[in-house]
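Down below is the structure, laid out as C-alpha cells.
Chains here go by letter, A, B, C and D, matching the order in which they are written, and residues are numbered from 1 within each.
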Amino acid sequence: MAGEHTDLNYLNHERGIKSWLLTLDHKRIGIMYLVSVMIAFALGGVMALLVRTELAFKGETMMEADTYNQVFTLHGAIMVFLFIIPSVPAALGNFFLPIMLGAKDVAFPKLNLASYYIYVLGTIFTIVAILVGHVDTGWTFYTPYSARADSSVVWMTMGVFILGFSSILTGVNFVATVHKMRAPGLVWTRLPLFIWGIYATAVIQVLATPVLAITLFLLAMEKVLTIGIFDPQLGGDPVLFQHFFWFYSHPAVYIMILPGMAVVNELIATFSQRKIFGYMFVAMSSVALALLGFLVWGHHMFTSGMSEYATMVFSALTFLVAIPSGVKVFNWVATLYQGSISLASPMLYALGFIALFTIGGLTGLFLGTLSVDIHLHDTYFVVAHFHYVMVGGTVFGFLGGIHYWWPKMTGRMYNETTARWAFALVFTGFNVTFFSQFVMGSQGMPRRYYDYLDQFQPLHMTSSGGAYILGVGFLVMTVMFIQSLRSGAQAPANPWASAGYEWQTTSPPHPHNFAVDPEMTRGPYDYHLCTDEELFDGLRAPEEPAAEHAA
Amino acid sequence: MTKPEGTLQLPPQMSTLAPQVDFLYYVIFWVSVVFFVAIVGVMVWYTIRYRRRSGVKPQPTGHNTPLEIAWTFLPLLLLGYLFHEGFKGYVFGAVAPDEAIEIRVRGMQWNWEFEHPPGIIELNTLQVPVHEPIKLVMSSSDVLHSFFVPSLRIKRDVVPGMYTSMWFEATSLTSKEKPLTIFCTEYCGAPLGIDNSALPNTNHSTMLASLNVVTRKAYMKFLEEGPPMPAECDGNPNPAACWGEKLRVSAGCQSCHAVDGVTNAPGPNWKGLFGATRKFVDGKSQTADENYIATSIREPQSQIVSGYANVNMPPYRLSDKQIDAIIAYMRSLNGTSAPDK
Amino acid sequence: MTTEAVASSAPPGGDHHHDSGHHGPEFLAHHFDTPVQQFDAAKLGMWLFLAQEVLFFSGLFVAYAVFRNWYPAAFSVGSHLLDWRMGALNTVVLLLSSFTAAMAVRSSQQGNQKQTSTYLIITIVCAFAFMVVKYFEYSHKIHVGILPGSLWNPTAEGLEEVKAAAATSYVGEGLPYHIRTFFGIYFVMTGLHGIHVLVGIGVFIWILKRNMRGEFTREHFTAVDISALYWHLVDLIWIYLFPLLYLID
Amino acid sequence: MDHSSGEEYDVHAHVTSVRTYILVFAALLALTGLTVLAYNVRLGDYNLLVAVLIATLKASLVCTWFMHLKYEKAFNTAFFVGSLIFVGVFFAYTMNDTSERTRVNEFSGGRIDPKTGGYTHGTAPVLAEQGSEELSLEAKESSDAAEPGSPE
C-alpha cells in the first residue's frame, strides 16, 4: 500500500501493525478513522439499499414490517453516529489540520488515539445492539416507544453515548491545536477556511454532544431505574425528551454540514486559482452558524404539541440560520468570477455541492414556515430535504476532499476519467432517488412507512431505481481508489498547483509534516504572491521551468 | 393559487386552511426556483466563461463589502415575510372557533378511536358534517402518534398524558368509495413477528383511518343510530356474523386474535372460544358467554385469562350492536349459529 | 496579597542529546516548541473539558427545573425526606477538599513535593468521607423503600417518614403521587455526581503516585493543576446540588 | 527556534498566597451557613432565587480564586462562561414550553383537561381507574384527597 518513495514519509518510516495501532501520529490516526468511517458508510449504504428495495413495490417485498423498522433504524443510526459526524472532522480534519497550521501534530496526540479507540468501542457496542436484535425505534429513540421496547435499546444508547465522547475529545483536541499550535506568521486572518470550518465544528462538538450524552443516560436510567422522567404513566413527558434530543441534534446537523462546507472552500479556491471572495465573511459565517445552531432546535417539533408561543419563537430564529448558509454560497459563486477554473473531479464535487446544497437549503425555507411545515412535517419532503443537505452537501464535500487530498495522503494519483464517471453516476443516482421524494412528501406520503397507498407506487419505484444507480456509482469509485493504491502513478508534491500550506510539503508528508519548521509569509489563497516553484504542479517536463506560468 | 382538485405537488384542497397553505407553498416554491436558477446559472456561466486556458492568469480577488452587506440583510426581508405569513396560517389552524363540534380522538397502537359529542364511538372511520368547524381534542393511550390528513393540510402529534387539539372545516363532500385517508405520521413501531404486516391496522404504516365528509342531515342520522352495519352484509343470511367478521378486520382485532383455532398468540384464538370455560389468572373461572365477551372487550384488564398476563389489550368501547355482531361472528365460528339471543 | 513571581532557576533547554532531534527539557513533548505552549495548551484543553461537563450536568438541572415547576408539592415533600444536615456536612467536606486541592497546586508550583503529597492525601481522604456520607444516605433510602418511579414501594417505616415530611412541608397532609419523580431526579443527579467524585479519587491517587516519584517540579506541575481544576468543578456541581435538592422549603 | 532562556520559555503560572486561599475558604463556609439560614426563613418563591444566587456567588468564588480564572488566558474564561449562555438558552426554551402545558394537579400530578375539569387520558389517576397499574396505599389516599377540581 505504501508509495515506494525514496524519501522518508509517514507511511514508510515505521512498519508493522503495532506501529499503526499504537501510533501517535495524527496522519495515521486520520487514515485509521478514514478506513473505519468508509466501512461504516458501506454498511449504512447496504441498509439504505435494503430499505429502497423493500419500498420498491407495494406490500411485503422481502421483509416483515418489524424487520423493515430495524433496517431503517440501523440505516439512520449508522449513517449519523458512525459515518457522517466523524467523517470529515476526524478523518480529513485529523490528517490536514496540523499540516495546514504548520504544526508537527495535534495538541494532545495520546488523547487523539484514545478518541479513536473510544470510537471503536462505541461501534462494538452498537454492533452488539444490532446482533442482540430488534432495535426498531428510529435513530431518534423517541420515548415512550423506546422506553417500552426491550433492553437492546440500552446497548444501542450506550454505544452512541460512548461515540459521543470520541466526538467531544476530537473537538477539544482541535480547538486547543488551532489556538496554541499555529506556525509563526499564521495569524487568525491567514487561517485557511478549512481550519475555520473545522474549528467552528469543534466548538459545537464540545458544547452540544454532552447534552446527547445526558439524554441517552437518562433514557437508559428510564429503562433501568424507571425514574419516570420521559414515561407519561409515571408523570414524565415525551415532549421533554424531544427537547433534550433536538438540543443536541440540531447543532449536530451543523457538525455534519460545516466540515463539508470547509472542504468546498479549499476546492473552489484551488480549482479557480483565486482567493475566496469575502474571506472574513465566509469565516465568520461558519462561526455564526455554529452559535445560531443552538437556538433553533424547536423547528423539529412544530407539530409535537409544543406551545404556540415556543413554536413562533423557533420559527423566527430558524430563518436567521438561513442567512449564513446563503452568504457562503453567494461568496463561493463570486469566487469563480475571473478565476482560472479547471473541472478536475474534486471541483466537480464542489460544484455539485453548491447546486445540491442550494436545493437542500431552499427546501429548508418550506420547513421553517409554520403553516407549510404543518403539512410537510414527518413526510418524505423532510427525508428529501435532509438527504439533499447531508448527502448532496456533506458526502459530496467529503468525496471532493478525498479526491483532492488523495495524492497527498497516499502518494498516488487516481484515474481521472473513472473518477468523472463515478461522479456522473453518483450525481444522477442521487437526484433521481431524492427529487422524486420531494413530490411524494408534498403529496402527503408519511415517513418510516413500510407499506403505502397505490398513488405513491410509481414514485417509490423511481426512487428505488435511483438508489441502485447511486450504489453502482459508489462501487465504481471504490474500485478506482483501490486500483489507484495498487498501481497509481506517483503523486507530485502539488498536483493541483494549489497555494494551500499542505501542498508545500512532500506527498505523502514527512512524519513531522514539514522537514524544516515552516514560517507563513503569505495567506493560503494568495496565488499572486506565490513563486512559480511553489505552484509547480509537477506535471510539466522537469527541465523547462514551467515557462508559461511566468507569462 | 387555489386549485381545489390539487396540483402535481399538492393533494386536493378539502379544507378552509388548504388554499392559504398552498398559496404560501407556491410562493416559497417560485422564490426557491428563482434563487436556484440564479445561483446555479451564474455558477455554470462563470465556469464556462473563466475555464482554465493556458497563459491566462486569474485576477486576484477584490472585495466588495456593500455587496456582502446586501446579500446578508436583503434576504432577511423575504424571510421576515415568510415567517409572518407562516405564523398567521399556523394560528388560524390552531385556534378553533367556539361553536366547533368537538370530537375526542384517541390514538392507540395501530387504531384510531373517535368519540362524537353524544358518546357515539367510531373505530378507524370518522364521519364529519361538511362546512362546519370540527375541533379534534386528541390524546394517546400508549405511545406517540400523529393525526395527519393531507387533503385538509392538518397534522398534530397525539401525545399520551397530554391533550393536543386542532380544528378544520371540510369544504366538500367525499364520495362513499373514496374517503380521505387519515395517516399516523409519528413512528409507533410494529408488533414483533406477525406474518403478514400489510394487513390494515397492524403496524405504524397501516394505522390508517378513513374520513367521510357527509351532509349535515346524514351526520345527524348517524348520531342517532350509531355506526351502521357495513353495506356488503345486507344480503348475508346471518348479517350480524358478517358485520362481526368485518369489525374484526376494521377494528384491528386480527392483529392479535386469530380464527384458525390453532394459534393462541398474542391474544386468545376466537374459534372455539364462545361457550368454553375460561380460567383466570387469579384462579377463578367462568364460561365464555355474552357478557364475558362484552366485558373482556370493554374492560380487558379487569379479567385476564391465565397465560396472557403481560398482554395489555387496550379497552375497545364499541356500541352494543357492534358487540352483538362480534358475538354472532364467534358463534358462527363454532358452527352453532343458533341466534337464540 | 503579595504574589511571588516564580523565579525560573532551572537552566532552560536542559540537555540536548535526545532522539529525533528532541529539544528542550525532558518533559516537553516533541510536537511542542516551548513548555509555555505545552502548559497553555493543556490548560485550554482542560477548560474546554470543564465547559463540556457544565453542559453535561445542565441536562439534569433542566429536568429538575421542569419537574419542580410541574410538581412543586412532590419536590417539597421529597426534599424534606432528605436529611439536610448530611447534605451540609458533605458540602463542607467538599469545600475543604477544594481548598486542599488548591493548596496542593500552590505547593507544587513552588516545587515543594512533600507538602503537595500531604495536601493531596487530605483531598483524597475528604473525597472518601463524602462517599461514605452518600453511602449512608442511599442505604437508608433503599432500606426504607423510597425509590424512583415504579420501584417506589415504601415500607411501613418509610410511610411514616413520608407523612412526617409532608407535615413539615407546606403540603400538610395528603401525599403527592410524584415523590417518586423527585427521587428519580435525586438518585440520577447525586449518583452521577458520585461517579464523578470516584473518578476524581482515581485521578488524585494517580497524581499522588507520580508526585511521590518526583515527577513534578517547579516548571512541570501541569498534571496537578489540571486534576485540581477537575476537582473544583466536581465541587462546583455539588455547590448547586445541595441547596436545590436538600433545601426546598 | 532557538531556546533562549528568555521570559516566554518557562512556565510562569501565578501563585496565589496562602492568605487568599484561607480567606476564600472561610467565605465559602460562611456562605454555606447563610444558605442553610435562608432555608429556614419563609420567603415563598424568593427562596429558590436566594438559594441560586448564593450558590452562584460560591461558584464564582471557587472559579476566580481556586481555579485561577482571574489569572487565566482570556479565551479560557470566555469559553467557560460562554458555555453558561448555552445552558441558559436550553433552560429558557424548555421552561418556556413546559410551563405552557395544561394546569397540573399538585397532588396527583394528573393533567387537568381545561374543558371537563377531569384528568387527561393516560395520566396516573386515570390509569389507576383502568387498573393497569396497582397503586400502593398512600397513592390511593392521594387520589382520594385530590378529587378533580380540588382546591389549589
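Here is the rule we go by: contacts are C-beta pairs under 8 Å (C-beta built on N, C-alpha and C of every residue); 3 or more make two chains touch, one makes a residue touch a chain.
All figures in this text were calculated on a predicted structure; none of them were measured in a lab.
Shared contacts of subunit C and subunit D, meaning chains that touch the two of them, come down to A. A count of C-beta contacts for the chain pairs A-D and A-C puts A-C on top.
When every chain is reduced to the mean of its C-alpha atoms, the one closest to the centre of the whole protein set is A. If you average the Cα atoms of subunit B and of subunit D, the two centres end up 40 Å apart.
Subunit A and subunit C have centres, each the mean of its CA atoms, that are 36 Å apart. Between the Cα centres of subunit B and subunit C there is a gap of 50 Å. Each of residues 160-162 in subunit B touches at least two other chains. Counting partner chains per residue, subunit D shows two or more touched chains at residues 1, 75, 83, 86, 90, 94, 98, 101, 109, 122-124, 132-133. Multi-chain contact residues of subunit A (touching two or more other chains): 179, 207, 211, 232-235, 237, 239-240.
Listing the residues of subunit A that touch subunit B in their complex gives 58-60, 64-66, 69, 134, 136-138, 142, 144-145, 148-149, 232-233, 237-239, 272-279, 281, 302-305, 308, 311-312, 315-316, 319-320, 322-323, 326-327, 329-331, 333-343, 351, 354-355, 358-359, 362-363, 365-366, 368-375, 377-379, 439, 442-444, 446-453, 525-528, 548, 551.
Residues of subunit C touching subunit A in their complex: 29-32, 37, 40-42, 44-45, 48-49, 51-53, 55-60, 62-63, 66-67, 70-71, 147-151, 177-178, 180-181, 184-185, 187-188, 192. Residue ranges on subunit A touching subunit D, taken from their complex, read 179, 207, 211, 232-235, 237, 239-240, 243, 247, 294-295, 297-298, 306-307, 309-310, 313-314, 517. For subunit D in complex with subunit C, the residues that touch the partner chain are 1, 3-5, 8-21, 24-25, 28-29, 32, 35-36, 39, 42-44, 47-48, 51-52, 54-55, 58-59, 62-63, 65-67, 72-73, 75-76, 79-80, 82-84, 86-87, 90-91, 94-95, 98-99, 101, 104, 106-109, 124-125, 133, 136-139, 141-143, 145-146. Chain contact summary for the complex, subunit B toward subunit A: residues 8-11, 17, 20-21, 24-25, 28-29, 31-32, 35-36, 39-40, 42-43, 46-47, 50-61, 63-64, 67-68, 71-72, 75-76, 79-80, 82-83, 85-94, 142-144, 146, 148, 150-151, 153-157, 159-162, 164, 181, 183-198, 202-206.
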